[in-house]
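I've put the structures underneath this note.
Below are two complexes that have chain A in common, paired first with chain B and then with chain C.
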Partner chain A sequence: MTEKMFSKETWLETLRGLTTEYTVFVPVKDGDFHVFQPLEKETVPDFDYQNARLSPKSLVYPQSERMFEYSLDEEDPERRILKEAPKEYTPRAVAGIRPCDAHAFQIVKRNFDNPEFRDPWWVQRFESTTLVGLGCNEPCPTCFCTAMGGGPFHEEGLDVLLYDTGETYLARSCTDKGEAFLTNAGGGETADEKTLKRAAELPGKSAEGMPESRKVDPVREKTINDLFDAPFWEEVAFACINCGTCTFLCPTCWCFDIQDEVEGKQGDRIRNWDSCMFPLFTLHGSGHNPRDQKFQRVRQRFMHKLKYYVDKYDDGFQCSGCGRCVQFCPVNIDIREVLQLMSNDG
Partner chain B sequence: MIEYTEKIRAIAKKLLEEKTVDVFIGYRKGTVPMMNEPLLIRDPARADLLHWDSNCGLNLCNYLTKRTERIGVLANGCNSRNIVTHIIENQVKREQLYIIGVPCTGMIDHRAVKRAVGQKEIADITEKDGSFTVKGKDFEETFKKADYLQTNCAACRHRNPVEYDEMVGAPVEEQEAVDPYRDVRKIEAMSPDEKTGFFQQLITNCIRCYACRNGCPLCYCPTCFVDESRPQWVGKSSDPTDTMTFHLLRAYHCAGRCTDCGACERVCPVGIPVRQFTKKLNKDAEELFSWEAGLSLDQRPPLDVYRPDDYNDFIK
Partner chain C sequence: MENPYLPYPVRIDDIVTETEDRNLKTFRFVFLNPEDQEKFAYTPGQFAELSVAGKGEIPIGIASSPTEKGFVAFTVNKVGLVSSHLHNMKVGDIMGIRGPLGNWYPWEEMEGRNVVIIGGGFAFTTLRSSIVYMIEPENRPKFRDIKVVYGARNPGMLLYRDELAAWEQRDDMEMHITVDGTDDPAWKYNVGFVPTITEQKITSADNAIAIVCGPPIMIKFTQPVLEKLGFPPERIILSLEMRMKCGIGICGRCNIGDKFVCKDGPVFSLAELKELPPEY
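Let's look at the complex of A and B:
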């Protein structure tokens, strides 16, 4: 483990210096909210932020990704043969990612990189990405990472964790990748006593500002059928408009759809994010839809995250508690409330 | 606005107790500031959950589509116009509904408020006598509501319900001197290239979540054209052409039907001013057909009527 101290100005210069080795993504204020953008000459990063509106999952798992391409030109001897579309795997670093979003990558990894299946594109992109986290000194009222097994200074999933101690950042490596990042970064000073002490106090102070998390363990003990048939789903789903805001803003939603798009004689096979909120999501070729009602789709989203995943992997929820769906659900369906219902009444 | 809450609870309770209605549709106070949640209750004992304030910017008409029970529903000006539109379009029957009219002084623009406090996290909002106060860690600020209205509310000409069975209060004064189409005229003055650029720029952040479509009470098709798979009309990737196709078609499906309730814009998770797509159509409907949607149950909308003696030349 390496610990280094950077003044905030030096840190920015250091990041700029690293752009020869990595594409460095940083939070940038774009209108009313923050987005992760590559650090370029003109880019003005803003680390004094709560979190990005859209989760950084798209950096590893883009909303639309060209998987294969093919020719439909009858003259082309290789017509109709799928070829892998060119992809980019040069080293990247995401600087300022929040611990909840890094934790989310570990959750998504279960789907894309497991003993049974390895998704080559997700894996290669994830492996070429270094996650340089920024601990949360001031969690939002909608944050509930601690209830989901994470925390505002949680290191799981991060390669480096930064502590904002006011004038300086204390950077602590958490993995070999993080170690390499700090080595590449160079510079920085050995952390002094004062900075170490301040950094050590931050998680505790932050925890005080965390909204109180309620007991969520009982949901593990409920049977799937009892929860599935629970009486509260109709009320939970009533307000839902079945838009994709929750799933598309979520750092842990991983479902996708594969489509072929053709323009002229060129064809592309594209993988697009999908959403269990959309009626098309489970529409069968026969025309039958096993989830043709709104409440079934809403129930699926919560059951997947808070029950099926829990039972299948026995390692927490498919949720990192970032609170985006709570903040931006247009009709105020609050996953924390649903979790309570599932814990109490199921 | 908040002063109506008690009255609304009492009316709902009575309607449910006396079995005038089977269900009552209103709002409950949200778990997040400035985000109230649409709520359906059947049990009069739950009427105390009902809430009304200046953060009820969705459109309850959404929740009426194809319901078969007798429904009590809250309706301010724009919501009542959507209910009228729903009745005209056979999505619900007038006799099923008991409409509780709510005179409205406009909904708060949650984005403008967050901007005003420098995007700091707001933990609580309270309102009183035309002002509201937001609180968060280390700050508390009070604003005049009139300065922070949703832009559709600021230019609203129908604050009072047009169709109701009972009102919760005396009508509020209508805004006479407002100009709802100032921004449309700016776009009209652009060259074709500028217009293309303007609308392309508008949707660069779109993530195709369809919240604007789903938040809109006009979008009730059993299968939306973007969800058709045989044939598939629109690509599913984030190709800008497909995204633009969605937005333009959505807007045109609302032509002559939109009440400018602002729900589409309010729900967008990335803050796209999507009303820019529908407002020109509202202006056209008004200028070409003297039509504002949902003002009367007795008149058919312009786009579903054909008259050989139509006074407009362009249609002959």
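Let's look at the complex of A and C:
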């Protein structure tokens, strides 16, 4: 483990220096919200932010991605044969990612990188990405990472963790990738006592008042059918308008659709984020739809995150507690309350 | 890195219109690269994604049997964008196949047992694969009595009519073909719904496994018949359909509870399904 201390000005210079080795993504203020953007000459990063409105999942798993390309030209001997769309996997670093969003990549990894199948695009992009996290000195009121097995300074999923100690960042490597990042960064000073002491106090202070860790046991002990048939789903879903904002913003929602798009004699097979909130998600060719009612789709979202995933992988919930769905749901549906219901009733 | 989304290129080798409404056609495919055929080693009950460049993919049960060499066949109902386009394609056209996908009928468990096959309508495809597989001389001794109940709306809607007739003639299996109704005076088989014919013709659940494929209404009314005969839920095997995309348990849409129909299925026993929500 390497620990280095950077003044805030030198940190930004260091990041700029790293752009020869990595494409460095940083949080940038855009209107009322923050987004992750590549660090370029004119880019002004803003590390005094709470979190980006959109999770950085798209950096590893783009909202829309070309999978294959093909020719439909009847003269082409290779016509109608799918070829992999060329991709680059040059090193990238996400500087300032929050620990909840890094934890989310670990949650999602079980889906895209499993013993039977490896999703080549997700895996290669994830492997070429270094996550340089920024601990949260002041979590949002909607944050509940501590309930989901994480924390404002949680290192799981991060390659480097930064502590904002006021005038300086203390950078601590958590993995070999992170170690390499700090070596590439060069510079920095050996942390002094004062900085180390401040950094050591931050996690406890920040987690004060945050919810306690939620045990999976209450939902594990119930059967899938008991929870599925629980009496509260209609009420939970009552105000939902199936807009899909929750799934769109969620760093742990991974469902996708596959579509072909053709222009002239060239075609692409593309995958796009999809959402279990939409009826088309499960509509059969015959017209039958196993989840044709709104409450069934809402139930699916919560059951997947808080029960099916829990049962399947036996390693926590499919939620990192980032709080985006709570913050941006237009009708104030709150996953924390649903987990409470699932833990008590049914 | 191996790409599980990349289809094997194939050529359409033969197209047979199966039903008189012309909505069901059987497509026979030959792999463009012979080594792909080796990789596409399948077991009856599995499915594949048929991939048409410019249109998309559809998950379809494999209708050929692994004992039939040199090609792979699928019977496709004309329903949506891809299947309608496929129905207009010609012999010689190039497309793709991705698979084999999913699990298969419980062949190990079926060895040494009586096998009852119950099919309705166009869900008979992987059952055809299974029958061809079982009656292959090298496989036939592995199974005891084979009884088949297969029904369609009318005689013109039965799939694989030549084969059905040939199977009728065999003395090592028992065929019970039926139609819901017909005005054909020459019809020499049964008239009646599949559950009714099952009740009349299948007399014992002794050491037997039942494989049931058909429309939901047929499954619904066949289930109590089988239970009455004494089939425990572990020995009633069903194959499910679901809207699918990836076919490998990653894209997230075809779940029933914590199981994916594409990867953990499509074959489930009734006992397994009873543990899951009825969301299919």
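Simple rule for what comes next: the second predicted complex is superposed on the first by the 338 of 346 C-alpha atoms of A that agree within 3 Å, B and C clash if a C-alpha of one lies under 4 Å from a C-alpha of the other, contacts with A are read in each partner's own complex, and residues count from 1 in each chain.
Just so we're on the same page, a contact is a pair of C-beta atoms (placed from the backbone, for glycine too) under 8 Å apart; a residue touches a chain by one contact, two chains touch by 3 or more.
Here the structure is a predicted model, which means the values were calculated and not measured.
Student: Both complexes share chain A, so when I overlay them there, do chain B and chain C fit or clash?
Tutor: fit
Student: May I ask you to decide whether A:284 touches chain B, chain C, both, or neither, giving the answer as first, second, both or neither?
Tutor: second
Student: In the overlay, answer first, second, both or neither for which of chain B and chain C A:53 touches.
Tutor: A:53 sits against chain B, while chain C stays out of touch.
Student: So in the superposed three-chain picture, is A:308 touching just chain B, just chain C, both, or none of them (first/second/both/neither)?
Tutor: Touch status of A:308: second partner only.
Student: Using the touch definition from the top, say if A:214 reaches chain B (first), chain C (second), both or neither.
Tutor: neither
Student: With the two complexes superposed on chain A, say which partner A:205 touches: chain B (first), chain C (second), both, or neither.
Tutor: A:205 sits against neither chain B nor chain C.
Student: Please compute the chain B to chain A to chain C angle from C-alpha centroids in the superposed arrangement, rounded to the nearest 10 degrees.
Tutor: 90
Student: After superposition on the shared chain, which partner residues are touched by A:257: those of chain B (first), chain C (second), both, or neither?
Tutor: both
Student: Which holds for A:87: it touches chain B only (first), chain C only (second), both, or neither?
Tutor: In the superposition, A:87 touches no partner, neither chain B nor chain C.
Student: Taking the superposition as given, does A:332 touch the first partner, chain B, the second, chain C, both, or neither?
Tutor: first
Student: In whole Å, how close do chain B and chain C get at the C-alpha level once superposed?
Tutor: 6 Å.
Student: In the superposed view, which residues of chain A touch chain B and also chain C?
Tutor: In chain A, residues 257, 259, 283 are touched by chain B and also by chain C.
Student: Considering the complex alone, what residue numbers of chain A touch chain C?
Tutor: For this pair, the touching residues of chain A are 67-68, 70, 72, 79-82, 84, 111-112, 114, 116-120, 123-124, 223-225, 228-229, 254-260, 262, 267, 269, 271, 274, 276, 281-286, 288, 290-291, 296, 300, 303-304, 307-309, 311-312.
Student: With touch defined as at the start, can you tell me which chain B residues reach chain A in the complex?
Tutor: Touch list, chain B to chain A: 30-32, 35-40, 58, 62-63, 111, 114-115, 119, 121, 123, 137, 205, 207-211, 213-215, 223, 227, 229, 235-239, 266-267, 269-271.
Student: Which residues of chain C touch chain A once you look at their complex with the stated criterion?
Tutor: 1-7, 9, 32, 51-58, 79-80, 83, 93-96, 216, 241-243, 245-246, 248-258, 263, 275-277, 279-280
Student: Any idea which chain A residues touch chain B in the complex?
Tutor: By the definition above, chain A touches chain B via 30-33, 50, 53-54, 63-64, 138, 140-142, 209, 235, 238-239, 241-245, 247-249, 257, 259, 261, 270, 272, 275, 278-280, 283, 326-334, 336-337.
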